[in-house]
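In the two assemblies presented below, chain A is common to both, partnered first by chain B and then by chain C.
Moving on, here comes the complex of A and B:
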């Protein structure tokens, strides 16, 4: 247990001192503020860009618009930045040869994988939920009294989807000695999820739904129980990814 | 007692056979010089001892325990200094040693005591800068400190001096010499003067095999071939001397370089007598007559021929 805590601490120090945590956290805070503000002021902004004489009729913004911004920004910008920040998890250590000392000092190989996963998930958790909190507070402030359905479930789904991408990235980063390898591996995985959308039958199990059905959950168009299968697949992918990363790293020559 | 025993070890990468049926052992308490040309398989052998590479065949035993690839318990006996040690650049030397100590499972107090002692030994105490700003020599010294942290029985150094300037090299060799007796050291290199300075045992690796191993004295004695250097005051004297029949009849090999002549023979005393009597007869006064010590360099060049 002690090596696990020690190495996880080392990972967190690394994210701190190399400014990676700072970058990730700042971006998520910025997104947190942007979501409600964009939703609130979008009609006014659009109006000011319109040439004179032309009028557009937009419905007044609602809290649902603010949450729509949240899910759009976190999936498109937030996750993207997180993946890039975490892409070198293992491969950077391979490239520099820094693990040789740790392993020859008796650090169990599986601890390396578990610590890497723990540290990156912690960072993701902190950034994601801070962003959520900021958006939540401002949305409540701008649209007093308005409520949306299933907010907790919906945000939890996207959070788990993020953890799944991190775990897939961990396999990619363990497999390849170059950080682009891990990045491409994860992109390939996402591309496959998008391709699976084409088949209706398989799409019922597609974990991608956890990241793109959120608004339907909030507006009540979709009941959370419909996403049971994707949720199950998502959790399975996380567990299998961690196990396979451990197995791959056991065989890896460093 | 042997700290390290290697038997019939082979390793190939694809079709390329790097280590071929290698066998040797390192006795306890020695400083073992592991000598070989670049690419002769020194690093590969060391990585196999550490369980970082999987041998194709053969066995390795450290302190009587067999080394297994992957999860290596034997590494608790070993301290390792890689050829280019890499650390986490964002840490200070002090923090890095703490991390190493905690991973090894040392107690807090031991870590603190050892850290202060070792940083003093390698001259990095009072250095609070991050490792990223360290010079190569400083990194090499930190590398020794981390390798010695858990008081290993065997210290493996992969070319610790090859990339350093003369002062850096001296510092590293001095540190290695201070651990003599407490820790067995295996020290790979192609710098032979370093080996002569601190090693008491050597093994010469060539084409994946140990072609010569033993104690330094034994080897020098066994390969003892005395040679004598004579420096003349001019070329005319040199030629007269070489044309003398007694010298021509000497059972020896001769190398000439302008006014110098080197004569080699198995029977030094007889050769010297004949050289001197010949000089008196020819009335030649040499500038210098010197008996040359056998050097490791000559020996190395001879065995890898």
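Moving on, here comes the complex of A and C:
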């Protein structure tokens, strides 16, 4: 247990010193502020793009629009930034050979993987929920009294989807010596999820649903129980990814 | 102008975050003059004027090893 705590701490310090935590955190905070603002301004922005004389009728923005912005921004910008920041998790250590000393001195190999996963998940957790909190506070401020359905479930689903991507990135990063390898691996995984969307049967199990059905959950068009199987698949992928990363790393020459 | 006062509680913090991000990046650019690519004269305007993306690109791709 002690090596695990020490190594996780070292990871967190490293994220701090390389400014990765700072960048991730500030970008998520900024997204948190931007979501309600964009939702509020969207009708005005659209109006200013319209040629003179053409009038469009838009319903006044609601709290649902603010959350739509949240899910759009976090999946498109937030996850993208997070994946780029975490992409060098293992491969940077291979490149610099910094793990050799610690492993020959008796640090268990699985501890390395588990600590890497814990540290990156902690960073993701902190950034994601701060972003959520800010959006939540401002949405309540701008749209007093308006509520949406299943907010907690819906945000939790996206959070789990993020953890799943981090765990897939961990395999990619363990497999390849170059940090772009892990990045491409994760992008390949996302591309496969998008391809699976085409088949209606498989799509019922597709974890991608956790990231793009959120608005339907909030507006009440979809009941959370419908997303049980994607949730199950997502958790399985997380566990399998961690186990396979440990197995791959055991065989890996560093 | 009146219609924008309502939005100040959001715009002000957003503005502050932007300033913090740019200033941290500028200080880092000046103090650590070895980059993976580019020069000081390139990085300073990039981190100052390209919104949130400039500092992000600098810290993730442009920052040299200490």
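Keep this in mind: the second predicted complex is superposed on the first by the 252 of 254 C-alpha atoms of A that agree within 3 Å, B and C clash if a C-alpha of one lies under 4 Å from a C-alpha of the other, contacts with A are read in each partner's own complex, and residues count from 1 in each chain.
Methods note: contacts are C-beta pairs under 8 Å (C-beta built on N, C-alpha and C of every residue); 3 or more make two chains touch, one makes a residue touch a chain.
Just so you know, these numbers come straight off a predicted model, no measurement behind them.
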### chain B versus chain C as contact partner of A:37, first or second or both or neither
second
### Query
In the superposed arrangement, does A:161 touch chain B (first), chain C (second), both or neither?
neither
### Message
Taking the superposition on A as described, I'd like to know which of chain B and chain C A:250 touches: first, second, both or neither.
### Response
first
### Query
So, does A:185 touch the first partner chain B, the second partner chain C, both, or neither?
neither
### Task
Please work out whether A:10 is in contact with chain B alone, chain C alone, both, or neither, and reply first, second, both or neither.
first
### Message
Looking at A:98 after the superposition, I want to know if it touches chain B, chain C, both of them or none. Which is it: first, second, both, neither?
### Response
first
### Message
Applying the document's definition of touch, where does A:71 land relative to chain B and chain C: first, second, both, or neither?
### Response
neither
### Task
List the residues of chain A that touch chain B in one complex and chain C in the other.
18
### Message
Give the list of chain A residues in touch with chain C in this complex.
### Response
18-20, 22-23, 26-27, 29-30, 33-34, 36-37, 40-41, 81, 84-85, 138, 141
### For the chain B and chain A complex, residues of the former touching the latter
50, 52-54, 70-72, 75-76, 78, 80, 82, 84-88, 90-91, 99-100, 102-105, 146, 150
### Message
Touching residues of chain C toward chain A in the complex: what are they?
### Response
7, 9-11, 13-14, 17-18, 20-21, 24, 28, 52, 55-56, 59-60, 63
## Note on the structure
The chain A residues in contact with chain B across the complex are 2-3, 6-7, 10, 13-14, 17-18, 96-98, 100-109, 250-251, 253-254
